[in-house]
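Consider the two complexes below, in which chain A is the common component and chain B and chain C are the respective partners.
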Partner chain A sequence: MKLISFDLKADFAFFRIPDTNATINLSYNIIHRPAVLGVLGAIVGLDGYKEKGKLPQYYEVLEDVRIGVEPLNHDKGNYTKTNIKYSNTVGYANKGTNFLTEELTLVKPEYRIYLLLDEDNGYQKQLLDNIRDGCAEFIPYLGKNEFTAWWSTNSYKEYHFSDEKEPIGSIKIKTIFQKDMALKNNVEAPFPDLLNFDNAESPFIYFERLPKDFDLSLMQYDLGEFAFSNYQIKNAQTLENLFFVEELDAYVQLF
Partner chain B sequence: MTTFNNRVYGAAIIKSINSNYNADFSGQPRKLPNGIVYATDKALKYSIRNYWNAALNEKVFYFKSLSEEMSPRTLDETYAFHFGDFKEKDKTKLRLEVLGNILKCLDVKLFGGTYAGKTNISIHGTCQITHGLNKFPENVIYSEQIMSPFKNSNEASADSTMTTLGTQSRLQEGHYVHHFSVNPKNIEGDVARTGVEGLTTDDIVKLKEGLRKGATYYDSAAKAGTENELLLWVQLNPDSKIVLPSFVSLIDINEDKEIDLSRVSALLEEGHIKTEIEKIEIYYNKSNTKVIGEPNGALFTEL
Partner chain C sequence: MINELINFTANLDEEFKNLGSTPKEGLHIRMKLFISESGEVKIDTFDFEYEQYSKKQKGEISNFLIQCKLLHQNAWCIDTNKCLDVPTKAIHTCSPFALAFKREHLEGGTKFKENIGKKKQIYERFEEYFNKAFDLFENKEDAEKYVIFKHFFTQNTFSFVLQKIEENYKAKRIQFEEDLAQIKEKLKSSTDKTGKAELKNQVATIEQELLKVKPLDDSDYILFYLDVPLELYQQVHKKYLDDKLFNTALYNTEPNQEGVIFGTSNFMNGFNSNMPFLMHQTATFDISGRISNLDAKLLYELKNILPNKTLPNPLPVFIYKEEMQQKVIGIFKESGFKFGYKEIIQNLVEDHPDDMGNYYLLFWQNTKDGIVFRDFDFVSTFEYLVSREKPLVILNLFDIKEKGGKDNKHYPVIHNIFDFEQQVMKPFIQNKYLRVDYFGDLNKDDYAKLDLTFSSFSRYRKAIYDYVYKSQRNTIDGHIFDEMVFNAITDDIKDNNGYSIREKLNIWYSLYEYFNPKNKINMVNKLKDYQDFVAAIIADEALSDITDEKFAFAAGQVINYIQSKSKSADNSYNLLEPYLQQSKCTEFKRAIANDFGRYKHENFSKNFEKVAAFVLSYETSANLKHLLPQILSGVFSKNQLFSTNSSK
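Up next, the complex of A and B:
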């Protein structure tokens, strides 16, 4: 198994939150696992959605890949957003009238994507080679196909890692991580160590409810509670899927 | 017809002087939260579709057309207008019929489209254009009042001796940079499924012509003064799969209105990228556009 990372960026991005309909459409702020799988599928050249109610090829092939996401160039976990209004006068959206829609779009998002890849698996080996060489079968995009995405080959990194090292005391987690228990009054749950943070930047904790996978029986996003912080985290032994990365002297969560 | 198998990356620069290339719903040029003026990919695609439709007499499917009663046609009506009534009754066959027919249209082959009418189809176009950002250092928008020659018709102004006033907004000067890519693989599956012709070199000639002339060709009251300024076309070797960053952030336009391509040139000189490039073409008018840092070996042509 190989742990790698690459820095994926775009001028704009829009990851639609499916639970809004009228007027303004909102976007998730941080790229989520289903969206990353789509980008990886484009890089290897796998088919996307073809039929209603049927899973895309890329999901079936890449389902097992472990993914971690670290936001880069963010403001305390957030990206600037701009509201873009579109009109559609072609006539098929609404019969005979104009169709208007608004999308709150992310400006200049950038994410470091960590991947745990199995080199013995043909597709995953191909994925690794393509990312290292800066190649893709389909040109990836973030959410909508006009928001073309890219990474530079310089951003490709390989890491030494271990998943056995028990987190003791306060640890640094580079990626967003999933928190299943309430933090308040729960000493067993992971909670931020409020005395420890990276001195370079002002301390913050960012929370977002993000899709962590697909719910296959309902064919919709399966949501999870995520946090991202530059505080050190106490009680991290209750968090799952933590990997210690030697080069970073920190942990990443791959889910 | 020869099929086109190369991946292409490029940039189209649109110059807009005292003009309004792409307005928001208040009638002002679109602005990002940091004040930078931008245009959507739709604005450029509209000008190209319009050029194909009006100047080249091409069949353009995703374009507004009016019925005899002067109302816009629905999607299914547009389909019937171009291809006649739906023939297949079976759901799956109908999808293939519609896919095969609309995939013959130049705009669908290049820009793709969503069919959400009698059947549901989504086609990932081979040419993807990004939002264009104004890379000129200034973003000056002004509004002016304009007068109509008519009195307001409502009852409150029945005794008025004045005609009505309105406002229009313009961008003083902007140079919008759009990035685009061409990837013939995007429609390969659909082409195999329907047996229609894939992307040809002839389609690419028309795409280039649209990218070079579309914005200049389209003159409306608001868009007069919006013109194509430059087209950069970086064609990779057949079957090269390299991913290049968006040229929007790499192209600069300075206060003297010179287009600075030196960061693009530096990128294209990088070892692992240089070997993948088949040709670089650059189109602009030498008489009124100055370009610095042109990529090595670029073939120059007037717009």
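Up next, the complex of A and C:
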């Protein structure tokens, strides 16, 4: 198994939150696992959605890949958003009525994507080679196909890691991490060590409810509570899927 | 998003949810059932209660109207697309116990006239309405019990009731109008102040009474209620909501063991089936998500709470701190629903400095199309103070006086982000009424003669909102700040507003370092350097460290001096335009030389001659448009070129 990372970025991104579509449409702020899988599928050259009731090829092939996401160039976990207004007046698209919509779009998002890849698996080997060489079979994009995504080969990194090192005391987690319990006021739950944060920036904890996978029975996003912080985290032993990365002297959560 | 709003609404108490709501405008009539001597159940058309409500009415709302409000709230349709009277959508109740429509649908109303020969009139649709409403009874036999209420409409008895009310109101109206005319007559002839005040009070009272008996407008509702317990209204309304709270019943799941159904949300969400362009043609799924009927109910409640104006706007929705949420609502309630985000945050920061974060900030507007969300974003940490180290200070570097006074202007120290918004950001994007609308439609009319300010406003209003209200400190950088400042200054030049230009230069020099933390350039010192440099030229000292910026400042001083020699009636700053348009040094110097030639017959100070000689001999390949700040600083700072014993 190989732990790698690459820095995926775009001028804009829009990861639609499917809650609302009248008036404003909102985007998740951090790229989520189903969206990353789509990008990886494009890099390898796997098929997307083809027909109703059938899962796309990329999902079936890459479903087991462990993924971690570290937001880069963010502001306390947040990306700037701009409201883009669209109007579609062509009749064939809207049964004769004008369609007006607004999308609160992320500006210059950038994410470090950590992947745990099995080189013995043909597709995963291909994925690793393509990422390292900076090539993609299809054009990857962040949420919408007008927001082309790219990464530079310089951003490709390989790491030494261990999944056996039990977190003791306060630890640094570089990626977003899934938390099922409250971060504060619960001594057993992982919670921020308020005395420990990276002095270079203001201390923060960012929370977001993000899709972690698909709920295959309802065929909709399966959501999880995620957090991202520059604080060190106490009681992290309750968090699952933490991997210690030697080069970073920190943990990443791969889910 | 939806989960946060569901949790938020679930934590509101029931009393609060109804606070601020008012009865529908129009005529409320409550009909009673009685059993006749022959044992028949009938509607009492002689003994019934009624009252008219208008939003213009002042004072307390009567108990009867409060009860009516509760009844229609528990009988109203979710939206007109989901009413029982489709496709005409004129009857807006959805209950076998109530029926409401607007006056315009009755004989003589505009809709009635429009419908003639085209659509069925409302009188012909009551039957259909009640057939659908009776389906809401759990027990089908109940329909028989209340069929008399249906007959009240289908047999047009209700018109008789309306006629009686109108006759009664008309009599009262005539009496009030006569009284009003008499009092107004007295008012005209009265000279006594106290007497006049008393009469005015009487006029106001009668006008209020008149509102209660005025003829109904076309847009007023006529609401009939059957006098049965509220619980019955609630029971049938629940049945209606369970069916209709989802966008479509097509994708509803079977009720689970607790009876919970999952379906497509109707909250700010349209179903895309009539927009094939929006339907994913090849995806595995047909719809992208479902919510439970319990959540749908909470969202429906929230949609009804927002127009009551009992929640602040923007609204912080705390995700892990219920107590903070209660405090926000408490503070807003105590203020009589007057406080804004700023005042609420200021109150909270004092007591809970460490808890100001981890909330979603929702900006919503009540528009003619209903509630519209404009922004919804997460705030991890709200930074109330502008700087952790020290407050910001704007220095009066360009020697401006207090408005209307003789003392030098003194700027208040900027401690918090709201002072920062008011003193630093607002002057660069505000309209001619000195207002900033962060989310409204862009309206150029409000920015007459402020073309470039309008450009800054259009481009950066969201960035400023994010900066101030969500503590997103990377939305405005040095470049954006420069652009906003010099856009506003260019407008001021056109408007010949020297005071405002100097004010903006004060802000620019004082806060340059704040917006360019990586440059480590102290612009205040730079301005001093420029002035020392000009002084050194005048004093014939050896010049060292000559830079393009210093040249530009000196050139600004020269331009200002030359223009002071103009005897023309037009002394406006528009005369600066030819200089500010130049990008090449040679062209720029030629413009100076041309103007100098125009006034060469005037007397010039020695100081001017020395500095002008330096400026006209300096060479640079830099684009002079990039040196605009220094040129303007030279023009608007105290001119050092006048000889010390002469005013010119």
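Everything below uses one rule, namely that the second predicted complex is superposed on the first by the 251 of 255 C-alpha atoms of A that agree within 3 Å, B and C clash if a C-alpha of one lies under 4 Å from a C-alpha of the other, contacts with A are read in each partner's own complex, and residues count from 1 in each chain.
Definition applied: contacts are C-beta pairs under 8 Å (C-beta built on N, C-alpha and C of every residue); 3 or more make two chains touch, one makes a residue touch a chain.
Everything quoted here is computed from the prediction, not taken from an experiment.
Looking at the shared chain after the overlay, A:Thr80 reaches both chain B and chain C. Contacts of A:Pro203 after superposition: chain C is touched, whereas chain B is not reached.
Once the two complexes are overlaid on the shared chain, A:Gly224 sits clear of chain B and of chain C alike. Of the two partner chains placed by the overlay, chain B and chain C both lie in contact with A:Lys52. The interface of chain A with chain B overlaps its interface with chain C at residues 48-49, 52, 80-82, 92, 95. In the complex of the two chains, the chain B residues touching chain A come out as 7, 24-25, 30, 32-34, 40-42, 62-64, 71-78, 112, 116-117, 120, 122, 124-125, 128-131, 133, 179, 181, 183, 185-186, 189, 240-246, 248-249, 272-273.
Chain contact summary for the complex, chain C toward chain A: residues 1-4, 253, 262, 265, 267-270, 272, 274-278, 280, 282-290, 319-320, 357-358, 372-378, 380-381, 383, 388, 462-463, 466, 470-475. Across the complex, chain A meets chain B through its residues 9-12, 45, 47-49, 52, 80-82, 84-87, 89-92, 95-96, 100, 107, 130, 133-141, 145-148, 150-153. Those residues of chain A lying in contact with chain C across their complex are 16-24, 26, 29, 48-56, 75-78, 80-83, 88, 92-95, 99, 104, 182-184, 202-209, 218-221, 223.
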